[in-house]
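Just passing along the structure, written as C-alpha cells.
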C-alpha cells in the first residue's frame, strides 16, 4: 500500500527513534538523581500537610512566597511550547518542524507543576474540590482555574494530534509496550483522509491555542492586577506577563533543545540556525520585556503614590534590591549583549542567555509577589520573608520532577517529530518555493 | 387629614385610648402607691430616679446639665431659671424655649427625643427634686458670714470665738442645712433672748448662706470626714406634722388653711430645701410673736420631723392652685391656639384630651416640632406663656372633657 | 435592615489593647507560641497599629485599633475562588471557615491586612481549652479567619429580643472589643439609623476612614485625635 | 474506517476522561483522609448553661470589678463590671487575660516542702495540714522563745482587707513587721509626708482636672488604677463636655503616655525637679500663682525666721536665685519659652494638677523632684480641690486599735521593704527568724534582688504564698499555693490614686482547680492553730466570715452606697452633696447581700477642702519648707557631731531642689532607664501568653524584652536593629535584642520591666530583668533611693 511506504520512516530519520528504542545506563542514574529530589519534595509536602503551612517561611503579611512565584513561573514557561509552536506553525515557519514537539511537551508537563504549585500553596488542599462545588466566578483565581484547565486540555490535544503519526510509526516498529502505542495510535494509517483530518485538526488547534495561551497568562497576571495592592494593581500586567511568559518559554525551549541535542546526538536536526532563530526571538522578547518593565516602573515612579513608592524603592534600593538587580542583569543585560551580536548568537551563547533569562524570570516573579506583600499600605511590622527547606525542597523537587518526566517522555515518544521532518523534507521545500514565488510579482514568461 | 374627617376612626381610637388609659391606671395605680409607700422620697407623681435616666438616655444631658452633671452647652436645669418652679412653671419654661432647642438640634442634626407621659412625669419629678437640692457651700463666704452675722459673739469654733453658745464644731459632721436649721430653730427663743440682751441683730440667711457656713465649719473640724446625713424625708409624715403641730392654723397651702401667715405655696419662697428652712429661721422671731399672740405653743422639731415637714411642703408646692377656665379660654383664643386647634382646623382638635403639665410637655415634644414647622410656614409666631397662664390653659382644655377632668394639674 | 458599623475615637484611645485580648478570649483565637510570634504569625482580629512618625523629639504616634473594617465594597470577597467570604445584608464581611481552601488570596487582596491565616493547628496549652467559648467554632489549621463583629452575639441578642417580643435596641448587640474598651473610645451600632450614636458620630467633622481613597467604603470610622487649642472651651474641636 | 476512528477515539476520550476524573476524585478523597490521619484537629468545646458572676481583678492594685461569663462550671470570659465605680464595665488587657491565670499549666497544685537545700531545692508535695502544722510549730517556738517580733511578713502592694488581717495577725502574735513591696508611688508619697504630713495614700481628681502636668508618670501604662486613669483620659477628650484637658508629659522617652499626651516635653533624664522649679519660677515671677492659697495655706514660701530668730530660705527666694528660666533650660535641655508657656497654660487652665516624680513601679522616683512637682500643685492651688491632689478617704470600720498589739509594740525592724535584706544580713536591730512572703517576689522584682537572695538564705524559716513558683519561693522552705482571683473570696479597697473609700467583695466564681487556698484563709487557719491570743483576735472560720464582719463596720458608717449604675452614682452623689443619704439597704445583712451581688460598696462623694484633714504638718499648712525634713536633718547632724546641739542645717535639704546627677564615665557612655508597659505593669504578667503577645506593640516586639536605642546612638555604637546585645553596668550585664526606636533619647537606652524571671513558668522566664543591672544611690537625709538612671555600655553579643 501506498500508505505503508509512507509510514516507514526514512532511514536517515531512524536516529530519532533511538532514544525510544534504546536506553543508556546514564539515563537511569540521572533519573534516580532527579527522583531523589522528588522524594525530598514529597516528604516536604507530607510535613506541610501534617503541620500546616506554618512549616514554610510565609508569615503575616507575606502570605505568598515561593509557591506562587513557582506557579507564575511554571505557567509562564508553559508558553514556550504551545504558543511558539502554534505561531510558527501558522506562520509556516519551516524551521519549526524539528522543535515543535520539544516545545509542546514542555507546555503540557510544566502546566501540571504550575497547578501543583497552587495546590502546594493551599492551606486546605483536601478542600480543593470546593472550587467546583461552590465556584465564585468573580475571583481571578477561578478564571485561572478555568483558563488553565482549558489550556491544559487544548495543549494536550495539540501535543497529541501531531504525535499520532509518530506513535503509529512506533507501533508499527513494534516498540514496547505495544498496547500503549496501539492504544494511542488510534489506528493511524496515514490515509489521505486521515492526513487531511489531522492537518485540519492541528490547524484548528493552532488557531485556538493562541488566544487560550494568551488568556492564561493574562489571567495569571490579573490574579495580582485585580487587587488594589501597590505595584500589583497595574493595567499593563496582562501583556507584561504574557511577554514575560513567552520570554521565559523561549528560553526554556532553548535550554531543552540544547540538552536534547547534546544527549541524543541530534545535531542534524537541531541546528545552529534553530538556535539563531530562537535567539533572535529571545532578543526581541528581551527588548519587549525591558520596554514593559521600564514602562511599569516609570509610571509608578511618576505616579508617586506613597504606598507604591515604598514598594518601588524596596525593589530598587531596599531589601529586595539584590534579587531585583540580578533580575535586571539576567533578563536584560546578559541576553541582549549576547544575542544582539551575531558572533555570540551561537548555541552556547543562546543557551547561556536562556539560562540567565530563566533565572531572571523566576526572580522577576519573586520580586513581583513578595515586595508588594511585605510592604502593606498600613505600617504593620514589615514582613521578612525567607523560605524554609520545605519550600526550597518542593521548588527544587518540582524542577527535578519536571525534568524527570521530560526525560521519560523522550523514552516513550520521539522528541523530534519524525513525520513533520519528513513532511518538511518531502513536501515543504516545493511548497516554500511556490509560496515564495507567490509573494513575488507574476513572471511574465512562465518558467519551464 | 384631621381626626374629625373620619369620625368612626377617631371614635375607635379614642375608645382604645380610654380603655388603655383605664387599664394602665388600674395597673399602675397600685404600683405608684406602692412606690411612694416604700419611701419614694417625694410626693409628686413620677419617679425622680427614672426621670434621671430619661434625662440622660433621651439625650437631654448632651447639652443640659443638672448641678454640673451633664453637658455644658445649655443651661444647668437645676439652677436656671432661678427661683422655685412648680410643675406648670416647668412646663411653661420648657414650652417657651422649645423652638430654640429644636433649632439647635436641627443644626447639630439630632432629632428631638420622644416622650411618653410617664417619661415626662418622671423627668418633671427629677428636675423638681434636683432643683430642691442644696449645693455645697463656699467656705470662704461662710467664714465672712460667720463674722458678719456676729455668730462668734456667742459661739465658738474650736478655739476661736467665745461666749456661752455651744461650739459649732459639734455639728461639723452635719451636712444637711435642714438639720442645722432644725437645731437652730429649736433654740431660737433662747438665742433670741440672748441676742436681744447683747444687742445683736437677728441674723437673716439668704440664698446659699447656710451651706456656706456649714462648708466653712466643716473645714475647721479634722473629724468632719465622717459625715452625718439626713435620710430621705417622708412627705406623708410631713403632712401629719403640718396638721399636728398646728401649722395649718396660720399658714395656708393654696387655698386651704389659715390666712394669718404667708401662703406656703407662694412662688416667692425659695427654691431649695435648705433655703426654705432658712426662710423659716429668718421669720422665727415674727412667728414666735404671732404664736404668742394667738396663744399657740411654739412647735419643736426633731431632725426627721423638720425634714418631713419641708418635704411635704415641697410636694405641695409642686402643684399650682387650680386655674381659671375663663382666663384659659381667653388665652386659647388670644395666643392663636384656636386658629388651628378647632374643628376642621389644621391642628388636631383638643376637646377630647385632658391635660396635665407632664402630658402637655410630652405632647409638646412629640408633636411640637411638626407644629412649629407648620407655624413657621404660616408665619405664626410661637406663643409664649407666663407661668400662671399655663395653668389656666390646662384648666380650660381639661374642662372640655367632662369625664376625665383633671383638677389643678394634679392627676 | 441594620448596617452595622463601628466608630473609634482616636482622641480617647489609650492604646491599651484591651480590645485585642478581649477579642481573642471571645473568639477562641489561640495564642501562637513565642517562636511563631517572632515570625509574625500572631493571630489577632483586631490589633493596635502604632503609626509612629517623625524624629526625636518631634514625634507623633497615632495608635489605631484596627479590626476588619467591614468594607461596603470589600476587595477580599471578590477574589475568593470558592465564595468562602461574603458580605451579608447587614454589611458584615464574613468568612465561612468550613469552605475556605486556604489560598490566602483574600489576605493579600485586603489593603488593611486584617485577615489572618491559621499557619498551624490552633494550640491551647494545658487547661486553656477550658476557656473556650462554645458560641464560636475553633478554626482548623489552614483556613483564613477574621473579625466577625462577634456575629454570635448578634444571634444571641436577636433571640433574646424575640423572646421578649421586642425589636433589637441600640446596645443590645455589641462586639467584645467595644464592650471592653476602658476609655469608652469605641462605639457600635446601626449606621443606617440616623439617630444612632455611630451614625451621629460618623457624620461629624472629625470622622474619617482608613484608606478611604481606595473606595472600599469601610464601616469602621475613626474620629481624628484633634488637638488641644487653648483653654477657651474650643479645645475639643479639631 | 473514519467512522471507526471517530467512534473509537470518542470512546477512548470518554473513558479516559472518566478515569481521570475518578482518579482525581479518589486522590482528593485520599488527600482529605491523609490530612485527617496526619493531624487530628477536632477541638471539642463543651457547652452548658450560661451564667454570669461578679468578681474583682487582683492582677494589679487597681482592683477593677469583673463580670465573669460561665458556661456550666467553666469560666470562659472576663469582662468589666459595669457597676464598679473604678472601671465601669471597661477593663484593661491584663484583667481580660486573667482567665489564662486560672487555667495556667504552670500553676502550683499542692503545698510543697523543700526537701533539698536552699541552693538546690527539691520540692516534695505535702498536704495543707502538714504545711500549716509545720508553720504553727515554728511560730509557736518563736513566740515561746520570746522572739515573736522576729517574724516578718512581706506583702505585695494591694488594697482591701487582707493587709488589715495581716496586721491584726501580727499584732496579736507580737510582731510589728508588716512590710509591703514598693509601688512606685513612694516618691510622691514621700512628698506628701514631708509637705502635707500625710501618710494616707495620695489621690488625684484627674477626671476634673483641666491641665495635667505629668513628670514621668506613666499614666496610661499601669499607673494607679489603670482603668480609672483611662476613663479620666477619655473624659478629658470628650467632645460633648465642650473642652479638652491638656495632658503634658514630661519624660525623656517617647512612651505611650507621651504619645497620647497633647504635648510631650523631652527633657534630660533626672532633671524633673529643675523643670518643675523652673515652672514654679515662671509662675511666681509672672504673678500667675494662686496667691490666696499660698497665703492662707502654705508655709515657707517667703523667707522666714524661726522661733530662735534664725533666718531661713523661702521657696520663692530659692527659685528666684537658682531656677531662673535660662538656668533651668541649661539643666533640662527644655527651651526657656516652653517652660514659660507651660507655666502660663497651667495657670490659665485651672484646675491644673502636677503629677510625679516616678520611674517605674520598682524604681521610685526622686523625693525632692516629687516635692518640686507637688510645690507646683500648691502654687496652682490644686490641693484638695476638685481636679487637684486629694488624700484617699479611709475605709470605714478601720479600727486601728485591733491592728496594733496591746501594750507598747516592739520596734519595727525596718521602715521599708528595700531595707529588709540589710537588716537580715546585719541582724540589726534584731535578727529575722521567720519570713512570710505573701505573693511577693522580692528577688525578682526589687532592685536589690541579689541582696534579697543572700538574705533569704540567712533566714531560718521562709514560707512563700504564691500561685506560681518564683525566684523568691525557690529559696523558701515551704511553698503554699494560693488561689487565683476567680477561685476564692476576693476583696479590694480603694485603688491607688483614687480618692473615694471603696470596698469590693466577691464570692468565688469557680471551684478551685487545684488544692489551693486564699492567703486569708491560710492565715486564719494558722491563727486558729496557733491558739491563744492570736486565735482570740481572729475568731473567724474562714476569710468569708472575716469579710462579713468587716462589712458591719461599713454599715455602721451610715454613708456611701452599694455599687450602682452611673446614674445611681450621680444620684447618690447629688444627694450626699446636699446632705441627704438614701441607702438601698436597711440592715447589715442586706448590705452584705447587695455587696456580693453588685460587687461592693463605696463613697461616691468626696468632701473637698478639708484643710484640717489634709494638712497635718506642724504648721497645719502645706510646707514648701518641710519642717519634718528639717527635723530629720537636724537629728542626723546631731548624730554626726555628737553633742553638737546647734548643728546648722542646709535649708536646701528641706526645700525641693534638683539633686546632683551621677557623673558620666567613659567606660559606660550610655544611660539606662527602665520602662514599664501596661501589659506587664508592676513587672507582673509575663506568664500570660495574651499579655506577652501584646507587649512591646510600638516595636512589634512580642514575647521578649528589647533594648530601645535611638538610631543615631545605634549607629554610633555599630548596633543594628534586631541584633542581640549585652547591656553592661557596674553591677553586671544582661542580654537583650536591640531595637531601633525613634522615641529613645540619643545617648539613653531603655529596657522593659517584667521580663527575665529565673524560675517559674517558662513563658515568664523569657528576656532579661533590667533590675539586675540597675544602680541606685540613696539620699543621705531621707534615706530614700534616688533614681536617675544607670550608666551602661552596650555591645554586640
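General observations
Letters A, B, C and D mark the chains as written, and numbering starts fresh at 1 in each.
As a working rule, a contact is a pair of C-beta atoms (placed from the backbone, for glycine too) under 8 Å apart; a residue touches a chain by one contact, two chains touch by 3 or more.
This one's a predicted model, so the numbers in the text were calculated from it and none came from an experiment.
Simply put, of A-C and B-D, more C-beta pairs touch at A-C. Greatest centre-to-centre distance from chain C is found for B, with centres as Cα means. Remark: chain A and chain C have CA centroids separated by 44 Å (rounded to whole angstrom).
If each chain is reduced to the centroid of its CA atoms, chain B and chain D end up 48 Å from each other. For the pair chain A and chain B, the distance between mean C-alpha positions equals 91 Å.
Distance between chain centres (mean CA atoms), chain C to chain D: 31 Å.
Multi-chain contact residues of chain D (touching two or more other chains) are listed as 39, 241-243, 700.
Counting partner chains per residue, chain C has residues 40, 42, 47, 50, 121, 140-141 touching two or more of them.
Listed in rising order, the residues of chain A touching chain C in the complex are 51-54, 57-61, 63-64, 118, 121-125, 127-128, 130-131, 133-136, 138-142, 145, 223, 226-229, 373, 376-381, 383-384. The touching residues of chain B, counted against chain C in their complex, run 109-111. Residue ranges on chain D touching chain B, taken from their complex, read 240-243, 393-394, 396, 557-559, 566-568, 570-571, 574-582, 607, 609-613. Those residues of chain C that touch chain B in the shared complex are 194-195, 200, 203.
Chain C meets chain A in the complex at residues 36, 39-42, 47, 49-51, 66, 75, 78-84, 99-105, 107-109, 111-113, 116-121, 140-144, 210-211, 214, 216.
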